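Two complexes, one shared chain (subunit A), two partners (subunit B, subunit C).
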Partner chain A sequence: MTNEIFKSLSEILPQITGFIYPNEIEIHWGMLIVVYPYITGVVAGAFILASLVKVFNVKEVQPLYRLSLLTALSYLLVAPLPLLSHLGHPERSYEMFLTPQPSSAMAMFGFVYAWYLMAVLLLEIWFVYRTDLIAWAESESGPMKWIHKVLSLFSKDRSEGALAFDHKALKTITIVGIPSAFLLHGYVGFIFGSIKANPWWSSVLIPIVFLFSAIVSGVALVILLYMVITPLTGGKINMKCVDKAVDFLFYAVIVDFSLELVDFIHRVYQSEEEIKILSEMVMNKLFMSLVIIQVLLGMILPLGIISVTKIFKRRFSLNEDLRKMLYFISVLLIQFGIFATRWNVVIGGQMFSKSFRGLTTYKMEIGGIEGLLYALVLLVLPIVILTVLLKILPPWKEMKGEGNGKELTGEAPLGGMHAPEA
Partner chain B sequence: MDGRRKFLRNALAFLVSGSALGGVLKILPSSALAKEASRTGKWYGFGVSVDKCIGCTRCVEACKTENDVPKEPFYFRTWVERYIIRKDGEVIVKAVETKPEGVPESASDREVLRSFFVPKLCNQCADPPCVQVCPVGATFQTKDGVVLVNEKTCIGCRYCIQACPYGARYLHPETRTADKCTFCYHRVSQGLLPACVEVCPTQARIFGDLNSGASVMARFRRMNKIHVLKPALNTEPKVYYAGLDGEVR
Partner chain C sequence: MKKILERMPDALARLLVVFIGLAVAGAFVVIVLIPKPLKDVKIQWADAVKREQAKPVKYAGFHACAECHDKIYDKKKTGYHRDLSCETCHGPAKAHTEDPDKVKPVIPQERAFCPQCHAYNPSRPRGFPQINPVAHNPLKPCASCHNPHDPKPPTTPKECSACHGEIARTKAVSHHVQLECTVCHQAPQQHKISPRSVKPTKPQTREFCGKCHAKDAKDKLARNAPRIDLANHGEKYVCWQCHYPHSPEVE
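Showing the complex of A and B:
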């Protein structure tokens, strides 16, 4: 084990440029820590999309509501895995719950996570599906009956009063959920942003940039999933819904892009001690992942495609299939862009020496716990979980609906008819 | 009746918000005030006379032997940097290897403006960012001001390594826990000197109690113009450098 580490570190030695502190040769937070903020970002973003329906009353995206909640849950379940796997002593991770250090941002992870999982997501999904679960348990037989019965926590009440309570509870949970989703991902940003030793990370803007990139990645992923899953299940893609969701995505990308631009301009204009090494890093080591993938392919190109689609849609009533394809390409590009963003923050922050005199390099392993394959497994795992969840908690009725919020029991009055009173 | 209920409700609200506020206050100043802790009793510090260092790296070898630091050149509790500053302003820095090979010739090179060695080690900050970020409190500051890692509770998350501005920490490849200079705490607590100080042939490294008025440390700080590394980060290092060049980071 140690010999392997020595060997891979020796291979990095010739690639070091300038001077770095001798302990800095090893990049400590690798692929797994890139995956982690990507995953939590999707959770937060998918939840924000769901809350568009519930709190902001955007009825067009109703078909995405349940799908985005289930997406958020499947990614949230995977979120602790990369963290656990990268620890030197995963078997001691419980110490973080038993004796957390109050001044440590990382120690708060367990609590933020537990809060978000228990008090927000699970609760919201339970209330959304409660009446359906009861109905399914009544109409089905075999193991599914029991699964649904247990999931409904043996509740049977479908009276007017119970339904009204469901609605009220959902509204409250979503309202609590939005700041919680912000907390979840803003907190991940803070883990990096609060490290004063590292000028690439240490910025007040980082938690906010993380938030908006989270919204971008979550919304884009849910659109992507919707566009893939719907045809697979024999449904028809609701273009009104996709148009609206892409609208939101478009604005989120613009905000995200502007924030990152502000950060960039600020750094270049202030031009502090570290600017030389950071620009050397961006122009050499990060050129591909930052300039090309993150900015050009992940932001500017999709922004361009979506703007063109928007313009042509209005002027020349752009063909629906073409629109679908353009949207699909855009959300796919955005996914890669956001993943590159996480990469550039995490890996970029460790490539330059804190002596500001040199650069090390990241050597990606293929196998092993820090390797590419395991990272891919972690990225596919949420999709597997989502498939299972879609089987147990099918959102088809809603996804195939017209998005007017009428076709679902227990969903019907929610679309917003209650909103004016609230 | 209503008045009593209102009073009880207010009292409850006061208690809840009070304890929450108390909790916040407890977190906030603990780090802000920590730097002034323990001005009584021992408060260890370290002195480096840059001009005395000859770059022999006996300190590095002594440290690795004394503390079972892996011999490979990726793990150091202490190391020595060689600076060569050329007339055109170019600064060449290299960590001095324990068995030097291919060290650039500086004595005969007319383009060299000045050249010197700088020993580095954990700064044992009075306000250590590594302690602040450790999620489980495995890295902590002793009463006498030394930052240590408890390898039995460290979970190996490496947040402290990221938080250290001086590159003083590494992940020990065998224990899979964070590791760094301890000022040779096991020796110091027996009244001995840290291994690197013990073996330094030129007394470029000195060690002592900052609170003592008659120690070598006190004399060192009285007789020299002192500088610390990266003072702007407000970590309050307790490794003091005499004759430190502005190029050193």
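Showing the complex of A and C:
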């Protein structure tokens, strides 16, 4: 054990610059804590996109509605895993609910999470799919019939009154859901923003910046998934919908970018005692992940690409394939950019010494519970869950409805991924 | 009750059943399945108290020491180590109080012991006596100069070598062995009390070294010193920017 410590220390020590305190050599919040805000951000962002349809009546993005709800759910199911793995003893996590500790923001996560999962997301998905579940359960046979029957809670009511109630309930849940989604990711930002001893984190702007970067990452991810899944299932991408969604993404990126810029200018103008070490960190240790990936590749370049498609609208409106490709590149770049944002916040906040006189370094492990491979598993897991959810709760009717120019029914053969026996 | 259920939308009733089911299941887990000691703090406390009580007592406490070692106790009471218990340095002494002849507490003598608290560490409070164990009177046991039962505040070191041992040893085998430190450095009295805020002087002019090393130097000590022409040697640099005065090179 001691030898292992010496070995890892001897690798890190030459990387340290200036003076740091002994307990600052090792970075404790590693890769898993980077993955955690990224995943919860996707949840909040995807839900906000879904609420565009229900609350703000943006009809163009209707094909993304169910996909974004399912995306939010599959990412939400994975959201606590990095925390549980990082803390260890997952079997004790229920104690958070038995002994609520309102003065600890971290201990409140269980409640924020449970509220969002049980009172918002599951309820909304259930109401959205209720009538479809009944229809599927009636027309199918075998295990699928029973799965859908159980999921519909054995309800059979498809009367006018029931549909009207569904509609009303959905609207209410979405209206409650928007502040809840803000709460979920604002909470994650608050955890960092409220640490007053750490000048890289301690800022009232952090929860808001987190929120907008969450919207950016969620919307971009749903667009990305839509552009990948639709062709895979034999559908045609509805460009009207993608155009509108990218519109919203564009404005969200601009707001996110300006907020981060405000934060940056504020820090530089205030020039408090930490500014020297922070600027040294940004220019050396975080240069690649912050300046290059987060700002240049993750924000300015996609903003530029989308702006070009907007400025030369007439020219691009003729060429759908080119527009598709440009959008695809933009949303992909934004994903990397937002992941880099999470990295810079979490890792950056631990890289400089509290003495403001030195910098340590982060040595990522490959294997092990805190390692790269496990983090990759956590990042892929939501996609696996989403695949299962897409099989159980196929959203194709809605996704392809307008794309093919004709309304498909829920019982029709569903593009290769799900073909229930007629 | 039946009327309310009938008037309720079908979907809502089903959801209510699920939520009530979940609440009941949760309550069942919490109330029935989780064993009481896991939930009740009082039981945990009682267990912890029992566990602690079962442990053997190792420490006697400084009052026990005072009964026999009253002189040392009185001395320590007024010194800077008054807040340290005897057993902090001498180790657990319960066994010694029970059988004073057979069991003797340790007397820490190795040099590594005192630096646990007194080695220089920037995170220690300012003014706390700290030394560099490598440079501070190497090999001498701490107790040979300091009485641990009544340590004095850092007394003014008589010689610079108390702190600057490495330089002193280097100089001792160099050509400058005959020179006192004060020939070149003026150390204000305050430097000995707060060495980091008040620093001794360093020669700032070429003429200072020139007193011995210039062509026309008249200093008696400098009879055999190497001579140079100050006017055309080393341009504008001060001498110690090229030559290390504590161990000047042989010509």
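What we mean here is this: the second predicted complex is superposed on the first by the 385 of 422 C-alpha atoms of A that agree within 3 Å, B and C clash if a C-alpha of one lies under 4 Å from a C-alpha of the other, contacts with A are read in each partner's own complex, and residues count from 1 in each chain.
We adopt the following convention: a residue touches a chain if its C-beta (ideal position, glycine included) is under 8 Å from a C-beta of that chain, and two chains touch if they have at least 3 such contacts.
Keep in mind that this is a model prediction, so the values were computed, not measured.
Superposition model on subunit A: subunit B and subunit C are shown in a clashing arrangement.
When both complexes are overlaid on chain A, the residue A:Lys196 reaches subunit B alone and has no touch with subunit C.
Judged by the touch definition given at the top, the superposed model places A:Tyr21 against both subunit B and subunit C. In the overlay built on the shared chain, the residue A:Phe257 is in contact with neither subunit B nor subunit C.
By the touch criterion defined above, A:Ala105 reaches subunit B but does not reach subunit C. The wider contact with subunit A, measured as residues touched, comes from B rather than the other of subunit B and subunit C. Contact with subunit C, but none with subunit B, is seen for A:Phe165 once the two complexes are overlaid on the shared chain.
With both structures placed on the common chain, the touch criterion links A:Ser93 to subunit B but leaves subunit C unconnected. Shared-chain residue A:Phe6: touches subunit B; no touch with subunit C. The residues of subunit A shared by its contacts with subunit B and with subunit C are 19, 21, 355.
On the subunit A side of its complex with subunit C, the touching residues are 19, 21, 94, 98, 118, 123, 126-127, 130, 153-155, 157, 161-162, 165-166, 169, 355. Subunit B makes touch with subunit A in their complex at residues 26-27, 30-31, 70, 72-76, 79, 81, 91-95, 120, 129, 132-138, 153-159, 161-171, 173-177, 233, 249. By the touch criterion given at the top, residues 1-2, 5-6, 9, 13, 18-26, 28-29, 83, 86-90, 92-93, 95-96, 99-107, 109, 191, 194-198, 349-350, 353-357 of subunit A touch subunit B in their complex. Residues 9-12, 14-15, 17-18, 22, 29-30, 34, 39, 122-123 of subunit C touch subunit A in their complex.
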